[in-house]
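One chain, subunit A, links the two complexes that follow: it is found with subunit B in the first and with subunit C in the second.
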Partner chain A sequence: MELVIQNDLREIETLTRFVEQFAEQHKLPPKLSFQINLALEELVTNIISYGYSDAGPHKIRLVLHMADGRLTAEVEDDGCAFNPLEAPPPDLDVPLEDRPVGGLGIHLVKNMFDSMDYRRENDKNWLILTKNHVNVGAT
Partner chain B sequence: MRECIIKKEEADELDIVRLDGALDSYSFPRLETTLNGLRDSQRNRVILDCGGLDYISSAALGALIGFARRARENGGDLKLVRLSPKIYNIVELLGFHKILEIHSELDEAAAKFRNG
Partner chain C sequence: MNINEEVRGNVCIIALNGRLDNESTQGFQERISSIIDGGQTRLVLDLGDLEYISSVGLRAFLLASKKLKPLEGKLVLARLQDHIKEVLDIAGFSSLFPSYPSVDEAVQNVS
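For the complex of A and B:
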């Protein structure tokens, strides 16, 4: 399944519906649907909020694919080069008074999927998330 | 996902903010507005009832950190109650369970405020 959205946070709702439809189609367990939605929302929010050096319209393409118990989620954007694999892990032991408010989304994404691959090609970021051994039809 | 309904009620010297629905990157500024309103009225003892919350993004959790920090600076706190396992899982993954007070029941959090 494929979805193309604009760089507008209002599109998060469209993204959520897209994930729900995909989950329904493949009878994914609610927990997995929740994880996919959370990971994609974090990534798309990062792209929309910090990914562009101009204020113009941009497209973000998302593809969800399920085959042989393996789920892949692909995110493609034409924002500034950003490799989330190089993002340093947050220090989760920092006390409240010193805790930065942001920078946690990528950490969540890494925890929701088994692997992440990134490449920069044709001035676009391509991120592929993979989850193995998905129990289709589970409740 | 359900749009988040945010209800605020005053109970003695406490404020209870009840969340029902999903708080994503688009909708969380509404919670921020509610919390900023409390801060501006010097209401720094707040319980966030997450019993009806079925989704939260890191951006929304970040807003809670900002409020909790200011509340503590002013002698108050933000306590979270009634988190579902999947919401608690996110809170835990982000290490927020170490810096925010979490209670299973509202009465428990209210008692903690009263007894210090």
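For the complex of A and C:
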């Protein structure tokens, strides 16, 4: 299933419906649907908020695919080069009052999926998230 | 998202129903700020009907907690569902915010 959205935070709602439809079609358990929604929202919010050096319109392409118990989520954007795999993890051991309020999103995405691959090609960011052994049809 | 407030003794219980995402978090943040500004410093967040939370929502918890700190206030969580608890665990928030299986227990421990 594929969805193309604009670089506008209001599109997050479209993204949510897209994930719901995909989850319904493949009878994914609610927890997994939640994890996909969360990961895509974090990534897309980052791209829209920090990814572009101009204020013009851009397209972000999302693909969800499910085959043989393996789920992949693909995010493609034409923003500035950004490899989330190189983003430093937040320090979770510092006291509450010293915690920076940012930096959590990518950390959540990394932990919700089994693997994450990034490449920069044709001035585009391609990110592929994979989750193995997905229990299809579970309730 | 729906936000309901209930005051019990010196504790304010804030029940969240729906999605705490990019769109709804600002409203939640303003609401919790005004609750704290209104003098409530012992807060229970009832998350039993919270369907969704993303990192912006987590940041709002953190900001509320930072605001409570100089007031010697306290923020605890109640009725975490599995998928919400997992996000809090991954974010390292479980050690920051005590959580309780019921609102009553949360109220007892925060008052």
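Basically, the second predicted complex is superposed on the first by the 139 of 139 C-alpha atoms of A that agree within 3 Å, B and C clash if a C-alpha of one lies under 4 Å from a C-alpha of the other, contacts with A are read in each partner's own complex, and residues count from 1 in each chain.
The criterion applied here is as follows: a contact is a pair of C-beta atoms (placed from the backbone, for glycine too) under 8 Å apart; a residue touches a chain by one contact, two chains touch by 3 or more.
Just so we're clear, the structure is a prediction, and the values are computed from it rather than from any experiment.
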item	value
Joint occupancy of subunit A by subunit B and subunit C, clash or fit	clash
Touching partner for A:E13 - first (subunit B), second (subunit C), both, neither	both
Which of subunit B and subunit C A:N37 touches, first, second, both or neither	both
Touching partner for A:T45 - first (subunit B), second (subunit C), both, neither	both
Subunit B/subunit C common contact set on subunit A	9, 12-13, 16, 31, 34, 37-38, 41-42, 45, 90, 92-93, 96-97, 99, 101-102, 104-105, 107-108, 111
Touching residues (chain side subunit A, partner subunit B) in the complex	9-10, 12-13, 16, 20, 31, 34, 37-38, 41-42, 45, 49, 90, 92-93, 95-97, 99, 101-102, 104-105, 107-108, 111
Contact footprint of subunit A on subunit B as seen in their complex	1, 22, 24-26, 55, 57-59, 61-63, 65-66, 68-69, 72, 86, 90, 93-95, 98-100
Residues of subunit C that touch subunit A when the two form their complex	19, 21-23, 51-56, 58-59, 62-63, 65-66, 69, 82-83, 86-87, 90-92, 96
In the complex with subunit C, residue positions of subunit A that touch it	9, 12-13, 16, 30-31, 34-35, 37-38, 41-42, 45, 90, 92-93, 96-97, 99, 101-102, 104-105, 107-108, 111-112
